[in-house]
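Each chain gets a letter, A, B, C, D and E, in the order it is written, and its residues are counted from 1.
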């Protein structure tokens, strides 16, 4: 069974999982924060922030990847600074995670934002009258009630991160074991005549993994919804 | 001003707008239906449907494009049938819209589904006791209360459709005036030396259009939310 | 005629209720958590019970044995929920009109203007529910249910959020529905005076079970039952309007005995119901003179029922059986026992206006 | 001492309310839509009024003039909302504990077990709010507010969803809060007996304005005001417990006159409040004999106030001023006028248990 | 007549010039679809309405020829190209021989190439390095981009110190220096074949193919740095 895929493909699968996991895990707090800010606050530049969040969706992935390269590459303004404190994205799996995270960010934020907007402000008020500061109200009322949306957003982001290709390969290229994710590998197979069957295997793996993640998320979300709805 | 972009670029902008508009408009009813089914019904194969909806997100766009080509191309099983009744997707702007619609579908469905799940079942029950059949309850209670989510889903899908590249170019190629959308034009510019500035112009147009759409959607959603919340 | 037979188990609570409600208004009475809302939800079709049968006349709403489970929207109900459940995206007016939309074109309808005026919600028509006070929401919810041309009204504590004045305005409307429109009504209430005034039948629930059911007069007048605590015991008498006097009093004929009430709406010859709360009756062995109380009913003690800290005395008078709640000390001082002749003194005005109702079905 | 001065305009409704609530429990009284919830929301900080000042003693919650706008969570409130507003994702127990979490560690606390028992919610602790009945939700909401160690309690019709028995159980608890714990309480109610029993002060609202405020006895006993309709008028007397008799009666001393009530909880020497509703008093020129009524207060007519269809007579007795609502016919028959000596007959048991309260602040 | 040309995206600039001249001269109109050679070839397999195919990848042209999709006898090699070693910024030329210590040049840095098993430029580069016996030394350090331009960008931004790209691309990029050219015999010949496609018969097809072979086209290609195959 294991030799159904070659070691390089297995490496690509493992890497994709790692990249997608960290892309989601690392961006989730910022995603929740951004979603909350967009849902509940009004501040100057809110529409600008909203626009920036959506940019990766609007731009062709290559452009996003190129912008990441210019910004977070070792020669880039941010990448250079981070480099000095030992954080390197260029040509590392971390960079792949960054690219995937950026591309998935708008999906995550939208889902979470919709859920936050659906939380009844009256319950948050009840929390406040009981002495909970806005932060505590958020943590004890808004956040738990938003869980289904957060799960949905995270899984959407995870799926996107598993499938992200254009920005990733442009930013961190395709280095076996480092940045060669499943989509990069599939892309490479599809470039040459007769590569379809190898590509298909990876497609199947990718689909299986993502379906499993989806199923788990559905079960999680159902459980949360049950808790909120009834017993 | 008009000659800031050449006629071919203007054609690409116009085409992208048309493609994104129809991608969203045509898939919206199905998106709402699917979201409702996933949110409120339980039926065998529900998880499978959920998985299929998410597929375009998980797979590299090239794969989706290739699958569309195999299915909806003139030689494909579905494309061949449709061809006989005069509906052609292959290498037409309609195909670009199909590709964009398919790629944007999971985003649309997720957003709408979250909104539907947030509608209090108790209000739907109230509608039923007042004599509204499930369809009427849906039309008069669920749907209007879901409007912010539908707007959000549509705009997310629109943004995605404006930015979609990989599946589109793989499915319907990059034919000027027919299937050359903004992202495809940007791609072609980026493949040759000196194309960056032309690409940048198109990026700006694309960003402007999408931001405008976003802003309108925010205003719309706010208005709807105000109606539901207060006066 | 509504017949209900339900079995349903929640974790921690089991409903096991059977009752038959004759035409008219049936009050579900019982402590918080006794299962009233659960019954109403089952009748509405919002709760599918584990087993059960619900029929209005020979129209079968539910029969799990035979697989009949009418969908809620086919049951043609006017359900006034315990929490208003207004549609937040519709204006008050649109909320009110909602049900009429789906009613058969030829169904008898209430007049919108009339209902709006009765409920005092005219100035609110263009607002959305989010901008209403608690009582206003409840009034709109009542209107919405009434205007849906229903064949059965379910009302779950419809008046509990309202002040006395408003209650007094809306109560006669439910009476009219009960009597003139002839709608079966299932009504949850905690208020004995509401029950006395409205109920044709009372169904008393306790912990998911029906512990007692019967005509309102019977249940409220039975010193052995007192489902609502001794304070709420009282007799419900059916009397006939005799004359309206110039000084604002209405004279009634209670089985030959005169009874005076502050002016009531019904004209001479009409039969009305009055409630005489047990704690509003004073007893005397000799006929008292020179009292401000105008109503003195003579009778014979039927039964002396010792409760906690007080005694309930049932007296058979010409007007019917009247209950009096007095102290043990007074009962002993007056040497009350079955067969003893006594006079029941009822303060005119203690027969409160909200305890008078047109006689129903 | 709570002082409130608020101006706020909604489209279609303007609030313009000033009142000073001395320590104790202040009832906001008024028709549906008169602005009660709006006032409470402003005190809670959930509504930021256009202009206003709210202070508890010298602790300033709001002063728009000086830019003071304390956030709700800094106000340390126990707010019992008109609709329960429980947290659906937390169990009943977690809901109850929520406020305690955020209270200062040294704040005086109610005992959870006691509150749970009082409210009868012990069996519900592990459930989620979605599986509770309407009244159960309201009881949990009361518990949640009480257990948050508040410095001010806001209660918006906290008992309206409850049955009489349950109400009677919870009322004494609010009394204790008022008297022993010495919490300022702002309380919305539609029920005159709740008001009479609980209120130190009554604030009457009408259409966004405070039309009358004062001590409970004063407002409820003033025949000129009768904010709640004539039926609700009544005297509130402060009396002292004398002895508990073996036959279940408690003898009270009302300014020298004896008054008999069914056994009450307070021991001899305690001062309690009783309410004598005007419609529960019968008048007589001669001292009546042989009645089941044990309480006869002698006095002199202070004023005869003609209302619609009835007359309210204020009588100065040794126990204080008592009101009687009688018919015009009786008033004429008895030739009542200021200065005339009369006897007020009060049925013992018509001084209901829910009208007795320990004397507050 | 309208002629649809499917051409590798790396010819964008040259074809833009040729299109203008050809249309002016002949009155025919051209629709040029620019995409990756593999995508175009697959579309042709699926019945794309293309008349002419110009591929950057002889392998895909072979595939089409075997499937009988080319008009027999019309295929010819249009262009030649060469691959070069480039360095970021200014750098001294090196001699590309088996003695070159490429690994030492790179140090910790990356060697940017197009996908070495999938994209022609990468395939050629890998072949050369293998011929020279350098491949094993540097394999682990190769960063593979999804196309030549992306590889070029990695070097131009300084993220990778060296890269292997087409001479045509290197010439036009200011940020890089060509430090050496790979000998033509170190890799399979780099040719861009063109052919008439069998599916449709537009008389002007032959006219356009002839034009491509003509002097005007030659000049246009040479301006973009291509070497036109002598014929």
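Quick note on the criterion: contacts are C-beta pairs under 8 Å (C-beta built on N, C-alpha and C of every residue); 3 or more make two chains touch, one makes a residue touch a chain.
It should be emphasised that the depicted structure is a prediction, and the values quoted were computed from it without experimental measurement.
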Between subunit B and subunit D, how many steps is the shortest route if every step has to go to a touching chain? 2
Neighbouring chains shared between subunit A and subunit D, ordered by label: none
Furthest chain, CA centroid comparison against subunit A: C
Need the most distant chain from subunit B, centre defined as the mean of C-alpha atoms. D
Is the contact between copies subunit A and subunit B built from the same residues on both sides or from different ones, judged by whether over half of the numbers are shared? same
If you tally C-beta pairs in contact for every chain pair, which pair wins? Let me know. C-D
So, what's the distance in Å between the C-alpha centres of subunit E and subunit B? 34
What's the distance between the Cα centroids of subunit A and subunit B, rounded to whole Å? 20
Rounded to the nearest whole Å, what is the centre-to-centre distance of subunit B and subunit C, using the mean of the C-alpha atoms as each centre? 57
Check each residue of subunit D and list the ones that touch at least two other chains. 83, 127, 131
Touching at least two other chains at once: which residues of subunit E meet that condition? none
Multi-partner residues of subunit B (each touching 2 or more other chains): 62, 66, 187, 190, 231
Determine which chains touch and list them pairwise. A-B, A-D, A-E, B-C, B-E, C-D
What residues of subunit A sit close enough to touch subunit D in their complex? 122-123, 125-134, 136-137, 140-141, 144-145, 227-231
Along subunit B, where are the residues that touch subunit E in the complex? 62, 65-66, 69-70, 73-76, 90-91, 169-170, 173-180, 184, 187-195
Note which residues of subunit D are touching subunit A in the complex, please. 44-46, 71-73, 75-79, 81, 83, 85-90, 98-99, 101-103, 127-128, 130-131, 144-145, 148, 154
Residues of subunit B touching subunit A in their complex? 47, 50-51, 54-55, 57-63, 66, 106-107, 110-111, 113-115, 117-118, 148-149, 152, 156, 159-160, 162-163, 165-166, 183, 186-187, 190, 199, 203, 206-207, 210-211, 214-215, 218, 225
Interface with subunit D, subunit C side, in the complex: residues 10, 12, 30-33, 36-38, 82-83, 123, 127, 131-136, 138-139, 156-157, 160-166, 168, 190, 192, 228-229, 231-232, 245, 247-249, 260, 262-263, 279-280, 282-286, 288-294, 309-310, 324-334, 345, 347-350, 352-353
